[in-house]
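Naming follows writing order (A, B, C and D), and every chain is counted from residue 1.
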């Protein structure tokens, strides 16, 4: 299995195993080594009191893409820290795309950037995640 | 109405108006000027593939407490940026407490710290949120 | 030696051993277990083109206080990640105070908050640092 | 003047006007619209007690590159917030390169990523900066 296939299998297995991804309607659009793009359509139960996407759900989408990327070599990794800048709002019914790319990897540490946009292309958030590998594999191969 | 009553009313109104808080089972334990404590019980649909709380939902809880605090003077404020450090895990059925305290406020900017712990006292995450007021009131008084 | 004496000795030894603290004119005002307060007077070579304190030097001051706190148990620790929010400016000749407090400690991880203010009390920045212990002691005791 | 020339002029003018850049020995290697690469050679007064680059000086280098990028359209901008992950160490005499790229720009907000490496290519830090324009121009044109 090459690195892209492996990354794609890991992302699929993670989505299948987690409670959150199916609950939030996460779809994997593309997953390859060091890169993942996922989407999620905003529902009423994802909105804050101003009827726009809650910051928590925008982060949760970005964090999900981050998790798929940093586990993509099939070495179990966890988020140690993450930062997010909110750039724009999104409404119910809009689909958000989270595009995650690994920026650096050094020893057990990795840094992944995630851009969140509407499917119309408006910037919603920029996320940076810092991961650490913890030993073990995500899937059996 | 004094500052503590106002902060409490704002928090209650925000929870009632948002889609997320009721969907996640958020409960307000205490809300006063510059301080909010909320709780949420972890369900299966909040877990990642390792069957522990997804980082996205831990952030979402902290971000909710942050939002209640930074709007507590009834001046509408939004999250501009936030950072989180993950310190420990939590399982299905455990209740998470998020305790938010305003650290600084200068002009239109505010900084709020949120500690997330299990109700048994284990540290789960430390969150720092940066807010900006955007004009307007949250509730009519 | 009690925990406060140890923390104070470690901070003093770190300042003596480093190139930066003396170069920047860092002074330790108080150091005890989980808490450090240091000061630095702004010089012309610490200003940006607008003749106010460069963000890099404000961070550097906060990061120094953070380092003294997270090594205070005499277990070597390093910064893994840090975040800063800039709240106000400061001019040449003003003295900045950085007040650092450990917020949480869990296994090898620690989170420290640092508030940077002018000695006149204006908020300049809020910093959050995430540290990891790496084994070994800072000073021989 | 095209966008690349303008960005280059702004970066040069900022370095000339600030106290820090000359004091730290900052050199501009390349500056064009949305992108800046600068370098700095590590001196003894930039080291911590372990005789490696102090986190504060690594941040200061990245923050300098960030400032040049986010002002590159000749619209005055300031850092509102920044995050850094430390990935590796660097020694006295080594030259650090900071490569800054604007990731997103939306209204008055911008997000810039900076990678800090040794000139030998080792990853030292990943930085994310959030800027806001404040009105006015950096240079007269």
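Criterion: contacts are C-beta pairs under 8 Å (C-beta built on N, C-alpha and C of every residue); 3 or more make two chains touch, one makes a residue touch a chain.
None of the values given here were measured: they were computed from a predicted structure.
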{"item": "Reference subunit C; chain at largest CA-centroid distance", "value": "A"}
{"item": "Centre-to-centre distance between subunit D and subunit C (centres being mean Cα positions), rounded to whole Å", "value": "22"}
{"item": "Where subunit A and subunit C are represented by their mean Cα positions, the distance between them in whole Å", "value": "33"}
{"item": "Cα-centroid distance, subunit A relative to subunit D, in whole angstrom", "value": "28"}
{"item": "Where subunit D touches two or more other chains at once, by residue number", "value": "80-81, 83, 85, 109, 130"}
{"item": "Pairwise touch network: line, ring, star, complete, or other", "value": "complete"}
{"item": "Subunit B-facing residues of subunit D, complex", "value": "80-81, 83, 109, 130"}
{"item": "Footprint of subunit A on subunit B - complex, ascending", "value": "13-14, 17-20, 22-23, 43-49, 54-57, 59-64, 67, 78-86, 138"}
{"item": "Sites on subunit B touched by subunit C in the complex", "value": "81, 83, 85, 87-88, 103-107, 109, 111, 113, 115, 122-123, 126, 128, 130"}
